[in-house]
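Chain lettering (A, B and C) follows the sequence in which the chains are written, and residue indices restart at 1 in each chain.
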């Protein structure tokens, strides 16, 4: 019931779902138990994996949950009848679906960047250790330096616990992570702003028309489903009444012929 | 009453039940007290048991709770009357029931994998100890290494408490567990996405017809039940009225014949 | 649904959104994990970045979220019909939109200034160390002094932990930061007070007229959208009823010709 309510396609409801998905992604990230492996080989894969695999999953979820996505596909594949297919409508629906599906993944990536843990885990081995005097002595061999750097995200590790510059390296990486996060956020907001403010400057009338037809397709499907249900119900009702009537006739017939006096 | 409400088969309600079962499985896992035995022989069995036995139970629950499952079985076994049996309808109902029953078990498995505790318990003995310098010295005998590895999930254990690399092993396993979890999740979402997006591309008309008839079968049963109830009520009403009437007749008859003056 | 409710343009609702955005900015700042890099080169950029990039983002968000902004653009770009375009109305809407979009960024800047962490991070290198006797000895080279100053915001850093004057420098900067914050706040309040108290002294009548027309434009759009929806629904309903009717005719026709007696 809740799911179907969510799948009804008035724009505001769809917006609500996207907001919920975005909130869920934040909630998931904060409840997620992040364990950097702190092994030079796995760090990068794990950090980037946590950063980019869930967004792919969330993106596909955003498409699956959005009723308009299926409506769009059906409109695209339907046999052409009296109503001509209009590519502009399909394009409009497609862009609207994609935009909404992008929200949750983008929120996930931004949250990971602003939090910085994944970034520290992924790139701690790529830091130039010479920037941090006191992190390693000059005589430390290259291999050992790499191992030390890969341990930076694990503050409880034996090897790194007493290293005075561990925090400095971690702070440096977190600061870069946040800088990336904010610049991505800013870019996205600027794009959204431009899209919203430039749209009314171009052909507004055709846009309104496209929106009208996209609404029409959606509502046509819904009313078709409802009418199907009613039709089923009527049909089943008739069949069952018919069954009971014929049963009663059968009973009456039996009463007269087989045991004419027994039941009365 | 709540149970019957849950068993009414409008698709959205069934979806709601599945969502509830999935939530329940998450809740169950988080309230479940996981105690790894930390004995080489039992670790694997315990870990994999917690990972795969509850999903079987949840799968069966998903079938029990779903009204459509019984409807499907009845449709399959009913004598062929005027309405021909259509295998496509049974297949459609079967796949819909299975899909919904799979949700809760899959959620359980994903939650255990993303949490990682079960995985660490099950596979801690299978880790190659040479990857973690400092976990064991070279002279430790094989048996002892196995015992140490099987103690990894129990951080308070006497033997392992002072081992500096215990955390590294645990971290390594958790990272693999999460990697498995995310890849399973991603695969499932991709499959769901493909299923949803490819369906409209193939014969949509027959799909709609199948759905219409699957709805019909469901509603026919419900209306049959309701009509049966009404019919029973009517019949019982008539019988009881008849009984009271005949009783009153009996009383009147007795009044006149047996004790004509006694009661007046 | 919530989103659409927020986008309805009664003034009080718009005020509500702005208040929410402002609250969100405060909440975001307090939940934000501020990690000053404590490296001379990055400090200024990071501190000022946190202070001024989020406000830009919030300002653009304030424009995106405000429905009046799009209404204004559409009014500006619409083809002139029977109703003449009035620049005063557009100017009135523009100023109202800008005012509301300014609230959240101003709140963010004030909060950062009153909190002081960003300011300390940004300007710790610019402090004259001679003001704080005991911070450095006279023989310390210039480079080293700069490094020490850049470490002031990180109180756990090895280099600065035992420095007795670190707190004094930090306190000095925080005090300046708060002074700036309070003076900005005071200036803004004075401007708001003057704007509000001087407006009734000038042409109040034309102001009321402008406001009337700005409301009209907004409500015209909303009623257009609603009427579109109703129209779509009516149209779809008619089409589907027509489809079912023609289907039933088809069924009846088939009954008579192909299997005249079988279904009856």
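In this section, a contact is a pair of C-beta atoms (placed from the backbone, for glycine too) under 8 Å apart; a residue touches a chain by one contact, two chains touch by 3 or more.
Since we're looking at a predicted model, the values are computed, not measured.
Common neighbours of chain A and chain B, by the contact definition above: there are none.
After Cα superposition, the angle needed to carry chain A onto chain C is 45 degrees, rounded to a multiple of 5. Located most centrally within the structure is A, per distance between chain CA means and the overall CA mean. Greatest Cα centroid separation from chain C: this falls to B. With centres taken as mean Cα positions, chain C sits 24 Å from chain A. Separating the CA-averaged centres of chain B and chain C is a span of 45 Å.
Shared interface positions of chain A, i.e. residues touching 2 or more other chains, are not present. Residues of chain C that touch chain A in their complex: 1-5, 32-33, 35-39, 42, 46, 49-50, 53-54, 56-57, 60-61, 63-64, 69-70, 73-74, 76-78, 154, 156-158, 228-229, 231-233, 235-237, 239-241, 243-244.
By the touch rule above, chain B contacts chain A in their complex via residues 10-13, 15-16, 19, 114-116, 131, 134, 164-165, 167-168, 171-172, 174-175, 178-179, 182-183, 185-186, 189-190, 192-193, 196-197, 199-201, 204, 208, 212, 215-216, 219-220, 223-224, 227, 231.
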